[in-house]
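Next, two complexes with chain A in common: one pairs it with chain B, the other with chain C.
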Partner chain A sequence: MAEEKKLFKVKIDNITVEVEPGTTILNAARKIGGEVVPPAMCYYSKLQGSGGKCRTCLVKVTKGSEADPRPMPKLVASCRTTVMDGMEVANITSPEVQDARKGIVEFLLLNHPLDCPVCDQAGECDLQDLSYEHGVSATRYEFKRRTFDKIDIGDHIKLHMTRCILCYRCVFTADQLTNKREHGVLNRGEASEIGTYIQQSLDNDFIGNVIDVCPVGALTDRTARFKNRVWFLKPVDAHRNCDKCCGKTVLWMRGDEVFRVTARKDKYGEVEEFICDTCRFDKKSAADWVIEGPRAISRHSVISQGHYVGVHKPHETIAKVMDGRSPKLLMDIHSISEVNQPAVDLSKIDGPAHSNDFPKNNSVQ
Partner chain B sequence: MQTLTNRAKQVDRRPMTFMEKLYLPAILKGMGITLSHIFKKKATVNYPEEKRPFSPVFRGLHILNRDEEGRERCTACGLCAVACPAEAITMEAAERLPGEEHLYREEKYAARYEINMLRCIFCGFCEEACPKQAIYMSETFAPANYQRKGFIYGKEDLLIPDPKHPITVKK
Partner chain C sequence: MGRKLLLDKAHIEGIRYYDVYRKNGGYAAAEKALKSMSPDLVTEEVKKSGLRGRGGAGFPTGLKWSFLAKPEGVPRYLVCNADESEPGTFKDRYLMEFLPHLLIEGLLISSFALGANRTYIYIRGEYAWIPDILEEAIREAHKNGWLGKNIQGTGFDLEIYVQRGAGAYICGEETALIESLEGKRGNPRIKPPFPAVKGLWQCPTVVNNVETLAAVVPIINIGGDEYVKIGIGKSTGTKLISACGNINKPGVYEIDMTISVEEFIYSDEYCGGIPNGKRLKACIPGGSSVPILPANLLLKTAKGEPRMMTYESLNDGGFATGSMMGSGGFIVFDEDQCVVRHTLSLARFYHHESCGQCSPCREGTGWMERVLKNIENGKGKMSDIDLLWDIQRKIEGNTICPLGDAAAWPVAAAIRHFRDEFEWHVRNPEEALKRNFGLAHYADPLPVVAAAAV
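So, the complex of A and B:
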């Protein structure tokens, strides 16, 4: 074995951790875990070169290193700054950092439409979580927000540029995961927009992953568009034999219907393994998958709303006291309810449902 | 024994006095109280003809609101349903087609919207959760019905009539 590498001792929010030279402050904080981890909107550990765009992960370096103990003059982006031996970093313990982060959130939300009630990402949106935790409740911006037209890129991906925060994650995904760059940033400054040059469709087996890496609702799955809210679906771990990818996914189900297939995301919102487009867009039937079990969702997430776990169902006693007769069902809800009808299989519709997908009834339009 | 409240009264077990044995004074006293109530203000109203005013904060039957141009405000965001402690609200969303802009305010709308009034506890959380001012609780209560299926309220029951396109009732 080679000689043991010298580990750098870093102190983040007064917690000491030893990391290898070349590690960024963000990754050192992730090694500690918990509350000291700075939030990140653009950094993605699986994508090379990502980070440094959104400035959400700003931290204060109070002591540069053992050799040069001067503090860094400005707040630094922790995803791009590597650690030094003896470095001391303040994240949640520094009011300056908290204040700066509040400003960053305000900047990120300047042009964001805040159409969360319509957006499919709501409930699992990084920007929503970030602004909820660090943002202020009102904006001071008085000007017109930039708007773009919605674009279908390819058959399955909807690009809603208005919501984009220009984190460049999708560009790195298209660069590194696919063999031909089809996805990039056009124009500059405030006018910059993510796009495919001259509406070139994205025909690549892994391009669907841009949906998963997108921290906001700018890139969404067209096959699951407006089908259901994430918190009404039950995420289950599932896998299938796929010749292109690992096949390990999360199915978002309602009953036996598979509404959406995504990759498995860790607690930092990063996918564990990228999945291919066949798994993501074409396998919308429970029979295609081997279901492993319900996915563990943080209790604090809205997705866990209405998920009853560890429920002890009381013993049914009515049949016992009524000499084996089962109780008379006074109303079958499905005979009256128009929601979740077997005739309308929303998960099988290719794109979003429209008014002509629902059988006409006596309802007012 | 320690009493729970200081309002407990010891039962009087003494034998009745002569005046009490006569009964008549007590009966007359009781009749007097009854008589005096005839001239007092009534505590009840003659309900179907006369109705009490509702409090302005009364949480009654839900309505789905429209905007000034008569378009449906609801975008099927599901916040009312997730806020509902009784899980009474269900919905299915759809995308607005080109040409339907006069019907729906946003690009997404509720194609189906149902409230199970058997489950609803009229807590008003849905009204509070709504980000689009689409659902409101009106100052009336859900009418009685002979059958349970009459309590599943769909969009046709909840949506307020369009002021621009008055509907003709056929039933």
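So, the complex of A and C:
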């Protein structure tokens, strides 16, 4: 009989879970799921070495382990701290953690432009979700926010550093998925920026994945920029035979038009499998894809407000009530209005409209 | 006159060179360690001496050495942290400039104890002339058989390399230093794993301060038991203090941690008092990142006892009424100095030096600087003081490396002890541009709270 693997018992917010040794607190919490999962802006389970930078996943370890029950002196980054047997962790049950997280959200939003109304990421932005849940409604920052010029990284990717929260996910992606690293962090402190040295374009089949891993709208798809808001689009699962990647993607469509192609993301915003640039940028026609069906989106997401599956149209009862007669208008606005006339197209009038532009309505005495 | 162990021969002419150093008893400790002691015995001796890290944290060195993982077939490294960039601290520069062989001897003994065959000195970029001094000393030591293969016939090999930094304060943090040494961007690593397990090139590494490593030499010379007798309690041995600010005799002093702060500032042997008959207002006793203390709390602890120049006594009362020994950068302020302005310049420093890796420090340090700049320039609001307090509270302890704490503590301490001065700045913006708050009540003796009856 094979020897049974020893599992570690961990208590997170008084919920016990058994995980394998070497698991991080964050992943143990994800095993439980629900509200005890700390938010993570920089950790990405598919990228080695990521995490520990944004500090939103801070938790309090109230009991180190069975062997050493002392609590940890500081809050720890749950994405990079591995569990011990008998560890007890407080996340939503600790006011200290909630307070610290509030502070972190404020820091992250400090230099963020909050240009959500014109940002392509809005609606699927991790920072939006985070600040909705943990942030405060107003900022206490009264100074000029730092800004950067937008940079085109190659033909397909736009870098808008002003929105960046420096999670380093794209740096790890570029480092681990591509062969030649040309993507990194320049400068330091507040002035640090993601960039390529001397504006080199990133030439690689998988570099488009930096768009998917970006938690904010700092890296966007130039082929889909400003084309549509995500909540007006219908995400559908689709696949194609691709010789470079798995070919499993999500198409963001309206009608038969494919606006955007992304990888499939799980509920923590992490892609299931990375996809290649050909699939992402070049295959923008529904005919290129085998469509599997609508993508399941969390009902809390703004994307699912469109209700595009199982739509029930409201039952029109008026005709039934009136025995098939159409309702009679009490008054026809066109018949009495001087300016609201179907024959006059306002957009064809040069400059502001004058009374001369509207023929006298004879019906009015 | 306190006992000197590190700087006792610093006055001898030509001590920088091997011949003079050797003639004055140099390399005797190395000879003793390499020829008559085992590595474990040396570690044991350092443990016995109670030597504490001189870089700022004050962690027991012997204990740190004993944490070093020793897997088979994996090289171990010793790294000497000479990236001394803390404002107010300049003791390592003095040691390296005038006694390079003392450091090399210390490195030799420590490497022997740790079993490291390759040792690096990571030196601050701004110390442009010191690598030449160190490299010449290394050449001399090579020539005389103290470095290289089979040192003095003992079979122990050691090479020492000097690596220049590029002038980043953050590279004084041990994991950032290791990253920088590996040729990468100097971002602190996320711990664990600690360098003792996975450090330089993923191998077990010990990073020690220059002064710590130099102090190993007298420990071997006189023995750990003798060393532990110097000083009070857990503050054993001697400590270099770099004194600066409003004092008559700024400079590097070696103290044996038995004197009081008052004696250190006013005695002729050390700082020699405050010039022009001014009065003491405040002091930062351990380099820019430790909390500032007003005169009354500096000279006497909250319990009314005189404050001594030891790790424990300076820390007496925690952060509420105490400070830290830190790296020994002793900055003295007289009554003409403005605490708000001073806090602003520290905040500017930490803002400039933040590496930008984790969000609280990257965003918070800049915010603190801007708010302080407003207060200093007469545009402050009363709420700004509470805002500053809240910002520092949210940075402290939530960052990857201690730079966040180091940026938060000076601001916290300034507001804690000098809130009146901040409020005066806000209330009298125009006057604050013309004159300083002055000494006010900061030197008045504090009432001692009677101990509660048991």
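The rule we apply is simple: the second predicted complex is superposed on the first by the 307 of 365 C-alpha atoms of A that agree within 3 Å, B and C clash if a C-alpha of one lies under 4 Å from a C-alpha of the other, contacts with A are read in each partner's own complex, and residues count from 1 in each chain.
Methods note: a residue touches a chain if its C-beta (ideal position, glycine included) is under 8 Å from a C-beta of that chain, and two chains touch if they have at least 3 such contacts.
All of these numbers come straight from a predicted model, not from anything done at the bench.
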Classify the contacts of A:Ala353 with the two partner chains as first (chain B alone), second (chain C alone), both, or neither.
first
Which holds for A:Thr317: it touches chain B only (first), chain C only (second), both, or neither?
neither
Regarding the shared-chain residue A:Glu338, is it in contact with chain B (first), chain C (second), both, or neither?
first
Applying the touch criterion given at the start, work out whether A:Ser326 contacts chain B, chain C, both or neither, answering first, second, both or neither.
neither
Residues of chain C touching chain A in the complex:
168, 170, 185, 190, 351-360, 362-367, 370, 387, 390, 393-394, 397-400
Write out the stretch or stretches of chain A touching chain B in their complex.
115-118, 122, 225-229, 231-232, 302, 305-306, 330-331, 333, 335-340, 344, 346, 351-358, 362-365
Interface with chain A, chain B side, in the complex: residues 75-79, 81-82, 87, 90-95, 97, 100, 103, 106-108, 111-112, 114, 116, 131-132, 147-149, 152, 154-156, 159, 161-162, 167
Residues of chain A touching chain C in the complex
51-55, 58, 74-75, 77, 80, 99-100, 103-104, 106-108, 110-111, 140-141, 143, 165-166, 168, 184-185, 187-192
